[in-house]
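Two complexes, one shared chain (chain A), two partners (chain B, chain C).
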Partner chain A sequence: MRRLNRVFLYDDGAARALKIEEIAKYLRKKLIKVGVEVRGNPFAFYLLQDKVSDYARKIASIKIQDATKKWSSEQEPLYGEIEYEKKMILGKTRASGVLYDGLELQRLFFEVIPGRERSLQFVHIVFSNRLFATWDEHERRYHARVNLCGIPSIISTTGVVEAPAKPRGYYLLRQQYEMLGKDLLELKNSFKGAFIDYEDLRLTEVMKGYAMQSVFYSLVGDPFCQDKGCRLYNAHWQEELIFAQIESEYEFCQRHMSFLEELNEY
Partner chain B sequence: MNKVTIRHPGERILDELGIPYKKVNQGLFVADGPHACSKLIASACDSGVKFANMTVFDDLVLREGGRVAGVVINWTPVSAMPREITCVDPVALESELVIDATGHDAQVVKKLEERGFIKTKGFGAMWVERSEDLIIEHTGEVHPGLIITGMAVATTYGLPRMGPTFGAMLLSGEVGAQIALEKLRGNAKIK
Partner chain C sequence: MSTEKIEVKEDKTIKELVGEMSLSSAPILLELDGEIFYPDENYDRKIQAGNRLTVIPIIAGG
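Let's look at the complex of A and B:
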């Protein structure tokens, strides 16, 4: 098990319902001997003003247009796409819905982190409202993700709504609603509580578990757990996600609890 | 009567133009389509807009560096009649700016693409909650002299389509108009 030096939390336009300070407080409680620092927008924190256009172009060029086609570095972004990314970097808009290649996005965040902090002793966690996906070679398509662990780990507040599957009945009914032109809000209300929605009040609580997955990635190299009641469970369904993060009687399984105790005893 | 749905904050435009509407849900409003459309057209005319009715967009006027400097139009019947009896030359309308508000077709941008100046992405799958904000945020100048608004924005940038809701259409038009005004003021200063 590695020793951790510090945890840094960033806000790349994450959902308004997310209370990053509360997550920092939670992490301080769980990681008694590790400093936790909230740094705000990663680009605002590290990036010089003259580099904004450069990074806006880089981010605009990693957009996924078709989930069945792998991203290519030859993609040329349009002027309007670059302008939109500039607004995102400068925090002038929170409009999300563009899909990005997750690994490329992580690489761009990595570029702005200073060399002295690019180590697994430092846990960098970026909370973002950007939706990202990773390419699956077997299925030859992209899959949306909530959390992409690494340096930095990026956690998507849009991904937590869109990536884990909602109840089967919801999708069946949604098809009917769309065909009949009925109000989707009404459908959402009938499934209220069954999945994490935009600006959901449970978002901060859920994100605490995802932040811990990023911490465990740096600690032991594996962010996930097989135990469905452990916060580190890699949920593919909203039902599993809500159980692991909110409804389970315990936060962490015995094995991961002992890792935390060991870390706090150092 | 056909209905149009408008999501918040698009109802502000309805209020400004005196278009009657009903609230059907939190943040969702409904207006009668013909009433809303005719008031929109009337207020555009009141503001000085001139319509070239029964005309079809044919081509672009391009100037130095590929700057869009107008459009080429023709009478709509010309395209539907035999060439032998429609020997009508198109008409070029020069302008400082062109605004493409042709919806999903994005006809002006597509013409620019035909000429190799731009590569459109084609609109993405429907995602009602996200598309409206994205359309507004991407509204603007896509090429020197060419501003895009509404669903032409989705087609150009590969943004999600939005389904039968029109709030972002109205607000995107407003943003496009503001950008056009700024450009025209800027151009006037340069001159």
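Let's look at the complex of A and C:
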């Protein structure tokens, strides 16, 4: 088990419902001897003003246009796309409807973290509203993700809504609603509570568990747990996610609880 | 896959190392002497016998 030095939380235009200070408070309770610091937007935090345009261009160039085609470094972004990303970095707009290559996005965040802080002893967690995906070589398509553990770990407040599958009945009914031209909001309301939605009041609680996955990634090298009731469970269904993060009678399985106890004893 | 420590047996480049370990296309970071880097940005970098590297996989969830 690795010793942790500090946890840094960043806000890359995350959902309004996300209370990062509350997550920081939660982490301080769980990691008694590890400092937790809230920083703002990672690009704005680290970059000098004259570099903002460079990174806006870089981010605009990692957009996924077609989920069945792997991203290529030769993509040339449009002027409007660069301007949009500049606004995102400066906090003047929030991401919507854009899909990014997750690994490339993470690489851009990595670039701006100073070398002295690039260590697994430092847990960097970026909460982002951006929807990102990773390429599946076997299926030859992208898959949307909730989180990507690395340096930094990125957690998407859009991914938590879009990546884990909703109840099967929802998709069946959605097809019918779309064919009949019915209001999809009505359908969403009939499944209210069964999945995490945009600006969901449960978002902060859910994200505490994802933040802990990033912590365990640095701590033991593996962010996940097989126990469906443990917050480290890698949920692929909304139902599993809600159970692991909200409904389970315990937060962590015994094994992971003992890791935390050991960490707090140092 | 979780983090793995390896000891380099003979002098080689990062590119040779990741090739031998079949990690050329895997999303990973490497740590050497406290420095963490992307292997594909350091392919020509030379590592020596006795160097200890940590392979840090990037892990996606959800």
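Criterion: the second predicted complex is superposed on the first by the 265 of 266 C-alpha atoms of A that agree within 3 Å, B and C clash if a C-alpha of one lies under 4 Å from a C-alpha of the other, contacts with A are read in each partner's own complex, and residues count from 1 in each chain.
Note that in this section contacts are C-beta pairs under 8 Å (C-beta built on N, C-alpha and C of every residue); 3 or more make two chains touch, one makes a residue touch a chain.
All of these numbers come straight from a predicted model, not from anything done at the bench.
K.L.:
With the two complexes overlaid on their shared chain, look at chain A and say whether chain B and chain C clash or fit.
P.N.:
Here chain B and chain C can both sit on chain A without a clash.
K.L.:
Applying the document's definition of touching, compare chain B and chain C: which contacts more of chain A?
P.N.:
When the residues of chain A touched by each partner are counted, C comes out ahead.
K.L.:
Tell me the contact category for A:137 with respect to chain B and chain C: first, second, both or neither.
P.N.:
So A:137 only meets chain C here.
K.L.:
For A:175 in the superposed arrangement: first (chain B), second (chain C), both or neither?
P.N.:
neither
K.L.:
In the overlaid three-chain picture, which partner chain does A:185 touch, first (chain B) or second (chain C), both, or neither?
P.N.:
First partner only, chain B.
K.L.:
One more residue to check, A:107. First (chain B), second (chain C), both or neither?
P.N.:
second
K.L.:
If we overlay the two complexes on their shared chain A, which of chain B and chain C does A:146 touch? Say first, second, both or neither.
P.N.:
In the superposition, A:146 touches chain C alone.
K.L.:
Closest Cα approach between chain B and chain C after superposing, in Å?
P.N.:
20
K.L.:
Within the complex, which stretch of chain B touches chain A?
P.N.:
My answer: residues 24-28, 118-119, 121-122, 124, 126-131, 133-134, 136-138, 140-143, 148, 153, 156-160, 163-164.
K.L.:
Which stretch or stretches of chain A touch chain B in the complex?
P.N.:
Residues in contact with chain B: 63, 65, 76, 78-81, 83-84, 87, 93, 95-98, 178, 181, 183-186, 198.
K.L.:
Which chain A residues qualify as touching chain C in the complex?
P.N.:
Those in contact with chain C are residues 102-103, 106-107, 110, 115, 118-120, 134, 137, 143-151, 159-160, 163-164, 210, 213, 217, 220-224, 234-236, 241.
K.L.:
How about chain C: which of its residues touch chain A in the complex?
P.N.:
For this pair, the touching residues of chain C are 2-3, 25, 27, 29, 31, 34-36, 38, 56, 58-62.
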